[in-house]
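Each structure below is given as structure tokens.
Two complexes follow with chain A in common, the first pairing it with chain B and the second with chain C.
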Partner chain A sequence: MNQLLQCRNIYKKFSNTSILQNLSFHLEEGEHFTVVGPSGCGKSTLLRCLAGLESLDEGDIYLREKSIVRLRPENRSVVLMFQDSLLFPHLTVLENVTYGLKRKKVSKTERVRQAERMLKKVKLFKWKDAFPHELSGGQKQRVSLARALVLKPDLLLLDEPFSSLDATLRESLRGEVKDLLREEGITSLFITHDRDEAIEMGDRLAVMFEGRFIQIGHPYDVVTNPSSMESAKIIGEGLALEEGFIPISKLKAIPVQDKPSIQDFTFVSGKVSAITVKNNIECYRISWELGSVLAMSDNRLVVGQEVLLSAKREEMKKYSTQKDQWGLAQ
Partner chain B sequence: MRLFLKGLGKRELATSFMLILFIILFILPFVTIGLKSVSVGWRWPALLPSGLSLDAWRSIMKDPKLIESLVTTFKVAFLVVLLNLLLAIPAARALSHYMFKGKSIIEGLLLSPILIPGILLAMGLQFTMIQFGIADKVIGVVFVHLIPTLPYAIRVMRAGYERMGSSLYEQASVLGAGLFTRFFTIALPLLLPSIRSLMLLTFVISLGQYALTAIIGGGTVITLPMLYYPYFSSSNDAVIAGFSILFALLPLLFIGFVEVMMRLVIRAVNRV
Partner chain C sequence: MNGRIGLLSNNWKISLYLLPAFAITLLLVGYGTWSAVAQSFQTIDGEWTIATYAELFSSDAFFHSLKLTFRVAILSTLLSLVIGLVMTRMLYELFKVSTWKLLVWIPMLIPHFVAGYLVFLFLSQSGLLSSLLYQIGALENRANFPVLVQEEFGIGIILTYVWKEVPFVILMLLPVYYEIDHRYSEVVRTLGGSNWDAFKTVELPWLLPVLIETSVILVAFVASAFEIPYLLGVTRPEMLPVRAYEWFYNGDWSKRPLAFSAMILPGVIALLLATLSIGAVQKHRLRMIKGRSR
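Let's turn to the complex of A and B:
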């Protein structure tokens, strides 16, 4: 596969606070790349820099081997889809979708044809003459997606586009969006702070912390084998300790009165703070003074019950220190 | 009456009250002045005029300077509105969407003409305008009318830009719209209420300027107020009422014209 995008040593500061620090990565043509990280880690700033809405302090961005850092947003073949749908309120759905095509001087019949095709794909064709205020939140986001996809950009940037929607709608839209991106063959960079969304949306996943990527890899590898405690805390599903990471599947919550078996090692003692169901299995949120984690148990636990979080010592995965070509621990 | 009021809900009662207030404050004076302009000898305490006559209107129309002053008034007001739009729109956008050093100082400077009497500034400006050779000319009057209008124009547009936010602008730019396209396709339609207010406000303020026009125009630039105000010294109430009607109609005509033009432009740029 060809490299579509290359970011080389990019830096961005806002009033002496470093937001992006020596960030380097690449995207393959047709790839779906996800960035996950806590609020304020620089995810949105990264997208704004790629879209041209913010200038870089240092570094370079190459799209199809051409530097785009000096290009204005309107001259980059990069479209950014924001958290809010940002439909133009005075235009109809069809006018919103054709907006970008008109700027590209596509003929009227052609832009209407393309926009209608895209509206059919997002199942909103019959709403083409409606105004944005007549649509629901999910419909607005689908129009916004159609408006972005119809332009067939080299790169589509998605800035937490589902964060304002309810959980059920979010899940159904994720699938729809991923299918559409594949059908249209568009390379995407998706950012989120939701780990499930990050895992589902990306072919590759990057964990971002304090303005730099601390781990990049296949979503499964990143989730099950975090490279550092920060990465484990952000994306890992299990217990993140300084010396290593214990996946949720290996972690057991044992009532304090039951002694752990000889092979088990107790890592944390805490209390059951909530009971939930994950993949049809009853799980318990165990909280202690420094954090909380989901764990399973062989016993039926109740909220407030004191428990020990145990696992076999050998189940703990040590954080990797091996570096990749971008200098990231894998 | 009591039965009628009892049948009304709180909301209807408030609406009726506002409607009555609107009629008393805005419609009634207009009707009274209109009637006054065609009346003969309508004095307190008579409820209605004793006779009707178009003499006052004939007298106004006979004034040889009327057409000239109307043309000059429109010329000055049109240029004042245009300059206000050209200056207030970028200034308001910069003040509402960007953070930069010295922003509060610039804000203060732009709004300061409201705090200092315009006549004081005009006296000072007259000397400069004479040096530049624009005193006693329409362009000089236009510039001096910016003093009482620009601060309001910036305030009105700034409120509009703050309501609109910068996200839609950014969205338009990543969809391929350049600076001017963004303005005509996104900002103009969304800022229409603010632009309409700016135009009406600056037109009316410019129309009402007597002292500033007299100082800078030096009696050679005759706008409608220059013609109209001396009539106050006459005792003919009907003529004054006629001029008042003329005065009130000008902004309405202007805003009607502007409204039609803006809708045509917006429809043209936002077609599919």
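Let's turn to the complex of A and C:
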């Protein structure tokens, strides 16, 4: 695959606060790249810089091997999809979808044809003459996606586009959007603070912390083998400790009155704060003064019950310190 | 059921609060308007007739005044809207600071007749500006200074109204600018639109209802205000309010119904414009409010 986007040592500051710090990464053509990180870590600023809505303080961005840092947003083949659908309220669904094509001076017949094709893909063709206020939240977001995809941008940036939707709708839309992006062959950069969303939407996943990527890799590798405690806390599915990480599958919650077996080592003592089901297995959220984690148990636990979080010591994965070409721990 | 009773009592409460203002408006403005309409359809002896309107429509002088009135009203309104819009667009962030806002609103605090007098003082051929230009040698003779006041086109009148009305336009547009979600402009830019496209697609649809409403208010006001055209206009043709004043106050009482009919006509035009514009903007405004992403 060809490299579509390259970001080289980009820096961005607001006043005296560094938002992006020496950020370097690349995207392959047709790749779906997800960035996950806590609020305020610089995810949205990164997208705004790529879209041209913010200028860089240092560094360069190459799209198809051409620097785009000096190009205005309208001259970059990059479309940004926001958290809210931001459909123009006075335009119909069809007029919203054809909007970008009209700016690109595509003939009326052609832009209507392309927009109608895209509306069929997002299953909203029969709503083409409706106004945004007549649509539901999910429908609006699908129109917004159609409006972006119809332009066939080199790169589609998605800034937490499902965050304003309810959980069920969010899950169903994720699948739809990913399928549509693949069908259209669009390269995408998706940012989210939702762990599950990050894993599902990306071919590769980057963990962002304080303006830099602290880990990039296949979602499964990143989730099961975090490279640092920060990465483990953000994305790891298990217990993040100073010295290493214990995956959820190896972690057991034991009632305090039961003694752990001789091979087990107790890492944390806490209380059951919630009971949930994950992959058809009953799981317990165990909380203590410094945090909380999901764990399984051989016993039936109840909320408020005091437990010990145990695992075999050899199950703990040490954080990797090996650096990749971007200076990130792998 | 309880909710309905609660709503009803609330409506009654609101009606009660509004009653004093409504009563005063109805008594003073309503009675005044009714009297004016009635007298425009009556002879001086109190007989009902449409002869006054027939006389009015056969008068060339009336049509000259009507033409001048609406030319001045439309030009000063358009200029005020454009200048007000440009200033608001450029400076709305600055206007968040009350000092700047107050500075711009100063002309609104000055009465119209004082504004007219100031314009006369500054812009007449013997005024301060011509004196200044003459003193610094930019003018050989003060008579060379262009005639800006008391001339047939109404330049002085238009300039005074523009100076007075621009702050009013800003006052009307500022809340709209603060309400606009500027992420929409970013959407336009990433979809390939220019700054001008962003203005047309994002700002103008929000501004349009207010611009239309403001223009109706301004046209109605300028077409019916008396002081400035009286101070800065010429004797012939004079603007309608001045002509109506003359008909009302000259010695011939039989001309009084003409004065009323001459002023009722712009009133009816303003009322029609208001009704049409409210009908046109209301649907658009509702669609904008309901459809925005928040």
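Operating definition for what follows: the second predicted complex is superposed on the first by the 330 of 330 C-alpha atoms of A that agree within 3 Å, B and C clash if a C-alpha of one lies under 4 Å from a C-alpha of the other, contacts with A are read in each partner's own complex, and residues count from 1 in each chain.
The rule we apply is simple: a residue touches a chain if its C-beta (ideal position, glycine included) is under 8 Å from a C-beta of that chain, and two chains touch if they have at least 3 such contacts.
Predicted model, so just to flag it, every value in this text is computed and none were measured.
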Combined model on chain A where chain B meets chain C, clash or fit: clash
Partner chain in contact with A:Ile275 - chain B first, chain C second, else both or neither: neither
Which of chain B and chain C A:Val302 touches, first, second, both or neither: neither
Which of chain B and chain C A:Val112 touches, first, second, both or neither: first
Touching partner for A:Lys140 - first (chain B), second (chain C), both, neither: second
Which superposed partner A:Val256 touches (first chain B, second chain C, both, neither): neither
Which of chain B and chain C A:Leu94 touches, first, second, both or neither: first
Touching partner for A:Arg72 - first (chain B), second (chain C), both, neither: both
First, second, both or neither for A:Leu80, with chain B first and chain C second: both
Partner chain(s) touched by A:Leu151 [first = chain B, second = chain C, both, neither]: both
Overlap of the chain B and chain C footprints on chain A, listed as residue numbers: 51-53, 72-74, 78-80, 82, 84, 86, 88-90, 99-100, 103-104, 147-148, 151
Contacting residues of chain A [partner chain C, same complex]: 51-53, 72-74, 78-80, 82, 84-90, 99-100, 103-104, 131-133, 140, 147-148, 151
Chain C residues touching chain A - in the complex, by the definition given at the top: 181, 183-184, 186-194, 197, 201-202, 205, 284, 287-294
Chain B partner contacts - residues on chain A that touch it in the complex: 51-53, 72-74, 76, 78-80, 82, 84, 86, 88-91, 94-95, 98-100, 102-104, 108, 111-112, 147-148, 151
Residues of chain B that touch chain A when the two form their complex: 167-168, 170-178, 181, 185-186, 189-190, 270, 272
